[in-house]
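Presented sequentially are two complexes of chain A, the first with chain B as partner and the second with chain C.
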Partner chain A sequence: MSIRVDSLCHVYHPGTPLETKALSGVDLTVEAGTWVAVVGQTGSGKSTLAQHLNALLVPTSGSVVVDGVPTTAETSALRSVRRKVGLVFQYPEHQLFAESVSEEMAFGPRNWKFTEEEIHETTRKTMSLLGLPEELLSRSPFHLSGGQKRRLCIASVLASRPDYLVLDEPTAGMDAPGRKELLGLLKGLVEEKIGVVHITHDLELALALADQVIVLEKGKTVFCGSPDSLMDELLERPIRGLCLPPILELVSGLRDYGYPVPYTLDAEMLALRLEREIRS
Partner chain B sequence: MKFLNHLTLGQYIPAESPVHRLDPRCKILSVVLLLAGIFLMKHPVAFVSWGVFLIILSSFSRIPIRVVIQGARPVIILVLFTAGIHLFLTRGVILWEWGPLSITKEGVVMASRMGLRLFFLVLYAGFLTLTTSPMELSDGLERLFRPFQRIGFPAHEMAMMMTIALRFIPTLFDETDRILRAQLARGADLEHGGLFRRMKAFIPVLVPLFVIVFQRAEDLAQAMEARCYRGGTGRSRMNPLRWKIADTLAMSGILAIVAIFVLIDMGA
Partner chain C sequence: MCALRDVSFTYPGAATPALEDVDLSIRSGEWVALIGANGSGKSTLAKIFNALLIPTRGDCFACGFRTDREENLWAIRSQIAMVFQNPDNQIVASVVEEDVAFGPENLGLPPVTIHERVLKCLGQVGLEDKRRTPTYALSGGQKQRLAIAGALAMEPRCLVLDEATAMLDPQGREDVLEILRNLHKKGMTLVHITHRLDEILDATRVVVLGKGRISWEGDLSGLFAAQDHFEEWGLEMPPLVRFSRLLQEWNLLPKDCLPTLKELLEVLCP
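Take a look at the complex of A and B:
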């Protein structure tokens, strides 16, 4: 059970003056029940990669195989891939359309031919999972707050019970508590054996949460591996398009001043170790 | 997979070329001349000369002829439809008959003439937008329509509306594309079923699009007000249009070519 991306290349508008190479030779494996973070700057090809994972884009060359089904196959196979891989876009205004929250939630499941009973059940479950109170069901999705809209978008994708969930910048524009809550929730999904692909430009989030990090720069992989090895590498030499998260910057500075504190992303732990160092 | 074709009618392709550098007024007037010329042509074979001229123009402007022709793709059905109507409905010497359908000699001539006229009209008009940025285009139009302001024609407002509309076509294309993808990702099926079902399937695409359009209109209005936009009176411009010798030469060249083509056609 995995998504396998093998030397994936994608060219937009081939053969026209607007031809651009968005991805060249990207390899990636997403196992069920793991958290993969895709990090890169704007224009690095993150979103293009995301759309390949659920067959909205098909490779110019190379391959994307979802649970044994290659995405270059015919339409019926593409639909089964989309059923398996849920994709949440960055902006809620690109998908919210229904008259009520319950209709919005039912949109995906109905397209996948869930029965009314199943729709009712999955709606109730995912709403509570994402902390959306049930009295919202009859409200218009356009009248929700920004954070609620975003959570509704994720809920409406999760309602179809995908095996993988791809999120494009899910925390952009969210306040700190909302972000923390959402990330905790994604962690819970990983524990339930859903493969999460988290597209972000926030290196600190990726280092702290992911099982595997892939760094893209101008459509090429510049790093692929565990967060720990990425941290080691970052400390050794700068990676193009990435800078150290502030807390690592701080640790690095402290070590230069002779405080042997460990590299960590946990502020509390850093404070404790620093206190011990100062006292001794 | 491409859901919407971005290279369509009205696309501007920037390039460094003599045609791109011409004054937009010159290009607009030249296209009007060319369109008039195309309309005056009667002989179907004479359209070959328009084709040759288009190839010459496209090499001058560094835009591949393939891209120019691609621009006419959206109207090809209209062209065929028009030609078809003329082919079957023109009376005259019957060449072929099958039940109520008949093709006449005059019909063949009319069909090819009308079809080619329409086809070249679109190609030449498209050539204007390919080589002129929307900004230049509306500047040129505003300047050309300014004399009519005295009789109450809102030249500036028209030009501003056109600029905004043209400016937002690619943006809205992109937005539509993104909405389509978001709904396809949730399993929307836009390709199957009858006409009614497919129309219904587009509601989840159209509703967000309308919301976004109104949102954008409001944002734009606010941004314009924040910069004290008060209409066209007393407004100066950053790049005033300048009519150069090259423009006069280009205009005279086009005029001469159109005149020669039409005269030869009338003689033939």
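Take a look at the complex of A and C:
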């Protein structure tokens, strides 16, 4: 069970003056039950890649295959791809559309022919999973707070019980406890064998949580591998389009100055080690 | 600049108010960081400032004008400009310079003045060389800078940024922060809503909202000293701040050292 992306190229508006190459030669495998982080600057092709994973876009060349079904398959077969891969958009206002939270939640499951009873059940369960109180059901999605809108976007996609979940900057605009909760929830989904693709600017999050990190720059893969190997490589040489998290920059600066402190994202550990060095 | 007196606001159909008894004054030239958990009322408050929302109870004065009088809206909106999270919702034209000109054109200014303003505002956000670029061809960070230029073209006295950096990559975020620093130096009043405490290190005052009320108000050092409340306020100490505070506790770092990478390296590795 996996999504396999092979030599994926995508060109927007081919043959027109607006022609832009958004992705070229991207390879990626998302196994069920793993967490893949996609990082890179704005305009690096992250969101384009996301839209390929559930066939909202189809390859200009190369292929995307979801559990054996290519996204270039005919419409009837594509249904299974869209059923399996849930996509949470970057901006909630691009995704939310219904008049009430309950309709927003029911839309996906109803399309997949859930019975009314199942819809009720999955709405209740998913909303409580995302910490959305049931009293919101009658409210307009557009009158919710920024954080609630974001949770509703995720809940409404999860309600259809996808096998893979693709999230575009899901933690942007969330407060710290909300972010922690969401990341914990995603971890839980991975343990339940759901494949999570997490698109983010936050390299610290990617290094701390993902099983695999892919770094895109101008539509090309500049790194693909484990967080540990990315960290090693980042300290060896700058990777185009990636800034070191401030804490790692600090470690680099301290080491250059002669303090043999370890490479770590852990602020407390760094402080302790530096204290030891200064005092000795 | 703005004064709220016992302001409450309830959205239509909502059981509880989004804001309750908020008393807040923003003085000219201040850089106010407005922080707090999701749903604490930050965005609602921002919209009260420039009369996008009118208090259901209490009074709001913006630049000396009551916000609940229709005849004041023009004056208020031209002096208090807003920048939102998603620049695509704010960009109206297909070419960069036309987008910046949109506001001043609506003010009915002469073409020469509009042209001058466009050049000046694009310069302020570092997009001079993108004047004739189609807006779709800009990166996310550039789009947000364009949205700021569009707001500046109205020559406002106050800029309200509602999570304007949330969607930007680290470089894009730093670019926007640099613009804010320069605007602040020139006397612009800033109200900056964010979840990231590493973005508010230049703020002159911090206001924490919780459940529609002001939970805390003070300066940065006071905020970082109130660490025990962070969870309740939905805040998280950035790693460099946690690192600095420990070293300060152990007297290895002067108390007035800002927890920025540059300053830490200057002090620790002289």
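FYI, the second predicted complex is superposed on the first by the 264 of 280 C-alpha atoms of A that agree within 3 Å, B and C clash if a C-alpha of one lies under 4 Å from a C-alpha of the other, contacts with A are read in each partner's own complex, and residues count from 1 in each chain.
One rule holds for everything that comes next: a contact is a pair of C-beta atoms (placed from the backbone, for glycine too) under 8 Å apart; a residue touches a chain by one contact, two chains touch by 3 or more.
Model, not experiment: these values are computed from the prediction.
Colleague: With the two structures overlaid on chain A, would chain B and chain C clash, or do they fit side by side?
Modeller: With chain A aligned, chain B runs into chain C, so clash.
Colleague: So in the superposed three-chain picture, is A:Val157 touching just chain B, just chain C, both, or none of them (first/second/both/neither)?
Modeller: First partner only.
Colleague: Between chain B and chain C, point out the one touching more chain A residues.
Modeller: The partner with more contacted residues on chain A is C.
Colleague: Can A:Gly253 be said to touch chain B (first), chain C (second), both, or neither?
Modeller: After superposing on A, A:Gly253 lies in contact with chain C but is clear of chain B.
Colleague: After the superposition on A, what does A:Asp232 contact: first (chain B), second (chain C), both or neither?
Modeller: Neither chain B nor chain C is touched by A:Asp232.
Colleague: By the touch definition at the top of the document, which applies to A:Val58: first (chain B), second (chain C), both, or neither?
Modeller: Once the two structures are laid over each other on A, A:Val58 reaches chain B alone.
Colleague: Just chain B (first), just chain C (second), both, or neither: which does A:Glu93 touch?
Modeller: Touch partners of A:Glu93: chain B and chain C.
Colleague: Is A:Glu134 in contact with chain B, with chain C, with both, or with neither (first, second, both, neither)?
Modeller: Once the two structures are laid over each other on A, A:Glu134 reaches no partner at all.
Colleague: Kindly classify A:Glu19 by the partners it touches after superposition: chain B alone (first), chain C alone (second), both, or neither?
Modeller: neither
Colleague: Which holds for A:Asp27: it touches chain B only (first), chain C only (second), both, or neither?
Modeller: Touch status of A:Asp27: no partner.
Colleague: Which of the stretches 73-81, 127-135, 145-153 or 235-243 of chain B runs into chain C once the two complexes are superposed on chain A?
Modeller: 235-243
Colleague: Would you mind listing the overlap between the chain B footprint and the chain C footprint on chain A?
Modeller: 18, 91, 93
Colleague: For chain A, which residues count as touching chain B in their complex?
Modeller: Residues 13, 16-18, 51, 54-58, 75, 79, 82-83, 86-87, 89, 91, 93-98, 107-108, 111-112, 142, 156-157, 160.
Colleague: What does chain A use to touch chain C in their complex?
Modeller: Residues 18, 40-43, 90-91, 93, 135, 138-140, 143, 145-148, 169, 172-179, 201, 203-204, 243, 245-247, 249-250, 253-254, 256-257, 265, 267-268, 270-272, 274-275, 278 of chain A touch chain C in their complex.
Colleague: Which of the residues in chain B come into contact with chain A in the complex?
Modeller: 1, 6-7, 13, 64, 67, 175, 178-179, 181-189, 191, 203-205, 207-208, 211-212, 215
Colleague: In their shared complex, at which residues does chain C touch chain A?
Modeller: So the residues of chain C touching chain A come out as 11-15, 36-39, 43, 85-86, 88-89, 136, 139-141, 163, 166-172, 195, 198, 230-231, 234-236, 238-240, 242-243, 246-247, 250, 252, 261, 264-265, 268-269.
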